[in-house]
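By letter and in written order, the chains are A, B, C, D, E and F; residue numbering begins at 1 in each of them.
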Amino acid sequence: MTSTSLHIPLLPDVTIEPIVRLALEEDLGRAGDITSDAVIAPDAVMATLVRTRQAGVPAGYDAARLTLRLVDPDLVWETLAPEGRIVAAGTSLARISGPARSMLTAERVVLNFLGPLSGVASMTRRFVDLVGDRKARIVCTRKTSPGQRALQKRAVRLGGGVNHRFGLDDAILIKDNHIAAAGGVSNALRRANAAVGHLRAIEIEVDTLDQLKEALPFAPHAILLDNMSTDMLREAVRITDGRCRLEASGGVTESTVRGIAETGVDYISVGALTHSAPALDLGLDED
Amino acid sequence: MTSTSLHIPLLPDVTIEPIVRLALEEDLGRAGDITSDAVIAPDAVMATLVRTRQAGVPAGYDAARLTLRLVDPDLVWETLAPEGRIVAAGTSLARISGPARSMLTAERVVLNFLGPLSGVASMTRRFVDLVGDRKARIVCTRKTSPGQRALQKRAVRLGGGVNHRFGLDDAILIKDNHIAAAGGVSNALRRANAAVGHLRAIEIEVDTLDQLKEALPFAPHAILLDNMSTDMLREAVRITDGRCRLEASGGVTESTVRGIAETGVDYISVGALTHSAPALDLGLDED
Amino acid sequence: MTSTSLHIPLLPDVTIEPIVRLALEEDLGRAGDITSDAVIAPDAVMATLVRTRQAGVPAGYDAARLTLRLVDPDLVWETLAPEGRIVAAGTSLARISGPARSMLTAERVVLNFLGPLSGVASMTRRFVDLVGDRKARIVCTRKTSPGQRALQKRAVRLGGGVNHRFGLDDAILIKDNHIAAAGGVSNALRRANAAVGHLRAIEIEVDTLDQLKEALPFAPHAILLDNMSTDMLREAVRITDGRCRLEASGGVTESTVRGIAETGVDYISVGALTHSAPALDLGLDED
Amino acid sequence: MTSTSLHIPLLPDVTIEPIVRLALEEDLGRAGDITSDAVIAPDAVMATLVRTRQAGVPAGYDAARLTLRLVDPDLVWETLAPEGRIVAAGTSLARISGPARSMLTAERVVLNFLGPLSGVASMTRRFVDLVGDRKARIVCTRKTSPGQRALQKRAVRLGGGVNHRFGLDDAILIKDNHIAAAGGVSNALRRANAAVGHLRAIEIEVDTLDQLKEALPFAPHAILLDNMSTDMLREAVRITDGRCRLEASGGVTESTVRGIAETGVDYISVGALTHSAPALDLGLDED
Amino acid sequence: MTSTSLHIPLLPDVTIEPIVRLALEEDLGRAGDITSDAVIAPDAVMATLVRTRQAGVPAGYDAARLTLRLVDPDLVWETLAPEGRIVAAGTSLARISGPARSMLTAERVVLNFLGPLSGVASMTRRFVDLVGDRKARIVCTRKTSPGQRALQKRAVRLGGGVNHRFGLDDAILIKDNHIAAAGGVSNALRRANAAVGHLRAIEIEVDTLDQLKEALPFAPHAILLDNMSTDMLREAVRITDGRCRLEASGGVTESTVRGIAETGVDYISVGALTHSAPALDLGLDED
Amino acid sequence: MTSTSLHIPLLPDVTIEPIVRLALEEDLGRAGDITSDAVIAPDAVMATLVRTRQAGVPAGYDAARLTLRLVDPDLVWETLAPEGRIVAAGTSLARISGPARSMLTAERVVLNFLGPLSGVASMTRRFVDLVGDRKARIVCTRKTSPGQRALQKRAVRLGGGVNHRFGLDDAILIKDNHIAAAGGVSNALRRANAAVGHLRAIEIEVDTLDQLKEALPFAPHAILLDNMSTDMLREAVRITDGRCRLEASGGVTESTVRGIAETGVDYISVGALTHSAPALDLGLDED
């Protein structure tokens, strides 16, 4: 896992620039950092360490680096601990050096990306570790923070998870409302199969084992088993018998995830990874 | 508190449109909601209730309504429970009616605003209630989710808290780095006073009671007491004797906040309100 | 085919607004339509018909309607012939009525969307018709006009084709460069399988039947047979024996497509659909 | 012609950045190039040649270079064959070197600009060559691809053509609708002359020789002869006798253009240059 | 003049929306109008009159109306005095009615457009009136307020002036630097004539009568006589003898303009119209 | 004053980029500088001096430098005279060197920022000098040029003035309309105090001494004395007796400002600084 994580590339600037600019605009406002401008000498330089006060998995270096570049191209980021690997409390993740005013101007936005994104990666890693030797992969959902979907999805990968859909347009996911509107599982799957080409995956959410049995002959890429007990999940795995990937969802917590993994499902999706992970406690300490 | 909360106006569309558009762009992608397009009849209509599965304080109606309008002006939002008042689990916050495809297309973005923002308001309310009859007000920080500062600040107000700075430009806040760079508390305050006009407030962060005493003669609008024990805070309140507003900060949790409030400080700032509040669990149920 | 085409929904405004605004900005410039302003009475109204001078398949109504709305909300569009169905030369596709100045201001941008997009749909339909009773589906590529990917992809669907990837991020497509860099077909597929979750499809491009045989055991969602003779294609179909979807690509023209379809491949991709389709000849005639 | 073409400067980045960013956003989506990220080693470098498989006139180097810069500033473009000069099939237009992942990420957008824009330049050159020793200049229209007006207009100049209006605001062009609304040619020209200053040109479209005669005394900068036979065009040239520039328009194809030029008109406008030129077939070959 | 002025149409929203949004974003900031939100009842309504405290020529109604619409679609604008006609001090230009909070929120931005733009129109009118019965037209320059070129150009037209170039791209204006770089007037004009099509006007700036004589045979659309005395201007008019339009520029003030007009030049350009016109003193009075 | 002025930092690029881009887009249009492209050799270089033809206070170097960078990163700006210090007519403010075409392309936009912003700084300095030894500070208002608030506010600081509110959101300013709507001074102040936290200043505008007396007990940060005679102002100062900062406003001109300052008020606000300051006459001379 670790070795793979290390190769997850930074997101392209062109992809994250809109949210980084928005974050800078709302923090700098119309006049910029009036405190640093008033108090710090214009030619002062400083070096700081991005240090974590908690153990966890660092993430968000792409957003942090672009933030620094947009505030002042003279701010230099040097990575000390790579993203995606667990670090102990007290570890220095990176060293930033350059003009003191610019450093203090950029500090909060940098941390507002790094802290919460590292929180996402860290929570993902906890779930991954709880699954342990079972095959189930931890996946995130579309319950992301507005404007940060790509960043949070990447943080999940850095934590060892895999990504579900990025949006409404890149895969079919048929939910209960869709099934009701289509008049049943079969109708819904028939329509979905007719509508998409060869490179769009189809998944359907089922609440009962009967729905599961109805869905299987349509060979969807995956079936989402929603809010089922571990007994039901185990039975679903038995019925499916490897013909289709199974994803468990609903009521997944750090105390239930191992039990769910033991039912034999392939994927376990956890909304909390992106909507409720507490930020990793990071700070900028003078070097 | 409640009656005041009810008058907190929605943010203007022009202010929140950038983050709402970003959220829609990342969820709709290049092709929109391919599942609903494939499965739902084009002329189907539906009505849903935004229902909370947990007790809490609803917030974010401005972002939710703008999301609906941008997806489809025919989607109608009807408020059932006002923002800013505690509601019980199971309460319907609003009713949304209109074209079924558009409803399902907008659902996730609407909830991605409402859930986390209501989470912010709800956590704020818990802190406010813990302070109880003490005068201390709960304030948020700049540790906000990128792109959502105005929305989260408003959620804090809806929860009964008050807002600190909105950005680096609307008030002076002199921190330890600034004091070090300026060569001490007095120098820093002197420079700050010289730099701003009559409508910019000045606050300074102090770590010791000596620094507090050094700051008081400069009559800053507020002094931030950073990471002090309740004994130190009590002593700071005694020394200050009403000459300046005092804000306690650092290590504030639900179990410590009441004790801090009892020291007599005026404000207690809590970073977790905006960076680590778990989302309120909301869903869209068919009406 | 026709009945399905009729249900392909308009793209959401929020998705196409950037390119429509860009088109209006470059045509209206800094001063708007100075000819109409100088020559047409401010209160003149008019009604026009969007008429095609050639037989073809109309497309692009979403962009046309948003253009009208952004120029002047008083311009009314009434569809006379639905998108996606072949119409004869001389057919009126829609009626537009409203202020004469606004009508003439919007005219060119409206036609610059409708003409080329209908050209895409029309060329797609020609290919689809040539395939006739064979199962092969016509698919487009990423060789699209900058800024118009979603619009052109939809035009292909309206013409009876299906869509390939929308971008670099929504499916894996391993090409010759990737195979070379990874050190062969097997390595490339192994890395791809390890990198993605359950909702990302994987396709690999092969130039030889040996590569095809090497790829098949990895069970990719599709295999792209690049620039193969019909004899080779037929052999590829035989070897594959239904274990994987096959896509033919390269050298596909109106005179070769039927022969390719007869080899038994599942998909035939045609770059010309989006990069070289001549515009359908449309005009606005006074009603 | 050739020597002039060589001096047509690249468009400023600030002018083309909106359409280049839009093209990158729609191709990179939310996650970037997931294939190259999965398959290519992060530190691999490569060099490629932009090679044409057909003879033609290269164009669009400004958009190509900005695309490379926005994807990765480490990608280096080296021009091998200048824009605006005919090159043979097989010619290498440029060499691109740098990080392999970035190269493959940028490839399609680079080619989506270069191919179609070179197609515009190449078709323009064919028309220019057909006009041969006659004085008539080939001009383009406003029938351009949304978002690419400036780029396509420049491609026409690189092909040896000249540009008509860039938009509705930079010159007056009175068409049949305007004449009808104004109550005739004289009224329309009178109003136009009254409305503009000394740096806005006025052209009027006429369908008959009587209209031509009515227009001439108003001394417009040019008169557009719409859909006239070559006999009528010759007569129009005779009547005008050098008092005004004449532009022929309508039904201009590669087989008719020489005949039209021989009538003695000054300009021949060809809509197909920008709305229906097939893309020049270009590819990136490893160097 | 007056009747013409009345027909100058409002600029399209799509053209002025960027600057209007920028103005609202910088005034509303992150929290909107916190004073009105705190003090005004949410359901209060009010009606106000836009009243001028000085005589002048009103302008800018397009920007004012779009501002109101973006702040709150329930704000209603009713024009009482048309743009482009001189009004006396005390005149009510328009009536605005609607929600009181929204009214006060929009007030300043509305006036920041109306006041300065009416100032531009009013100063233009003073120059036009000073020219009186002479044929010379007053023209503006590109010395405009950043972001407001189209709005200011229109205000000049409302004041009875005519517009010069809108930007660097819509006409050729050869200045002293260009002449020097090209090696003289003839060379510069030769190059310019070779570079542009039939709808781009060419003007050249000359400092001496010798340069004027050198320029005339090239038949530019206009010649700009820079900083010449009235004696020189008169001689220039004599030399030119109607073969070309002449524009006087430099040192034009309200006290010199009549004398310049009497030399017989066709145009007099005045940079101060757009860079130094004092705002017309307007206010919003409760109705 | 002078020494302080020298330390007023440039605004961050991210803050001013929107208005600078807008200014370049409207000046370069769709085709850029067609004159320089036609007339200047592509490899010509030049050096120019930004020279002032009038005495005044230079400002706007941030916008000028960003303009140059966006037009062509090879244009080099070298400051010769610092912002914020009075310079004599004829002084060279800066030297710009680089490609001649780019220089001429950028020239007008650079001057359109520098001239008017230096005009703001220069007028501010005149008012500051007229106040002389009195304590009153000159402050600007929100009557700014749309899109340029931050730039103009900074120009005021460079002229020795101080800034009032930047927008509606960063301080409370209760005006006559608010007082009327709230039912009097006391009610309005009570509501304002209840609504804001510790870092938002409150000012109230009063027309009479009775209102002043009513306001004082609420301890607002400042009281704005609107349109009072110098006698009334003097009496207001006497009544207030240092308990609150007093700002005089209304009818402030270069001939009245000294008299107002002598009444003892703390601040004098002057709308004309930002809405009616004539541009400083600057030009680019070849070096």
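The rule is short, and it goes like this: a residue touches a chain if its C-beta (ideal position, glycine included) is under 8 Å from a C-beta of that chain, and two chains touch if they have at least 3 such contacts.
These numbers were taken from a predicted model, which means no experiment stands behind them.
Chains that count as touching both subunit C and subunit D, per the definition above, are A, B, E, F. More C-beta pairs in contact connect the chains of E-F than those of the other pair, out of E-F and B-F.
Under half of the residue numbers at the subunit C-subunit E interface are used by both copies of the sequence. With centres taken as mean Cα positions, subunit D sits 45 Å from subunit A.
With centres set at the average Cα position, the gap from subunit D to subunit E is 32 Å. Residue positions of subunit E with contacts to 2 or more other chains are 26, 28-32, 37, 105, 149-150, 163, 166-167, 169-170, 173, 194, 196, 200.
Viewed as a network of touching protein chains, the structure reduces to a complete graph with every chain in contact with every other.
Contacts from subunit C toward subunit E in the complex involve residues 21, 24-25, 28-32, 37, 42, 70-72, 101, 105.
Interface residues of subunit F facing subunit E in the complex, by the touch rule stated above, are 18-20, 22-23, 26-41, 44, 46, 63, 100, 104-105, 108-109, 111-113, 115-116, 119, 142-150, 166-170, 172-175, 177-178, 180-182, 188, 191-192, 194-196, 200, 272, 275-276, 278-279, 286. Only residues 26, 29-30 of subunit C touch subunit F when the two sit together in their complex.
On the subunit E side of its complex with subunit D, the touching residues are 4, 137, 139, 162-166, 169-171, 173, 194, 196-201, 203, 221-222, 245, 247, 266-267. Within the complex formed with subunit D, the residues of subunit A that make contact are 7-9, 11-15, 149-150, 153-154, 163, 166-167, 170.
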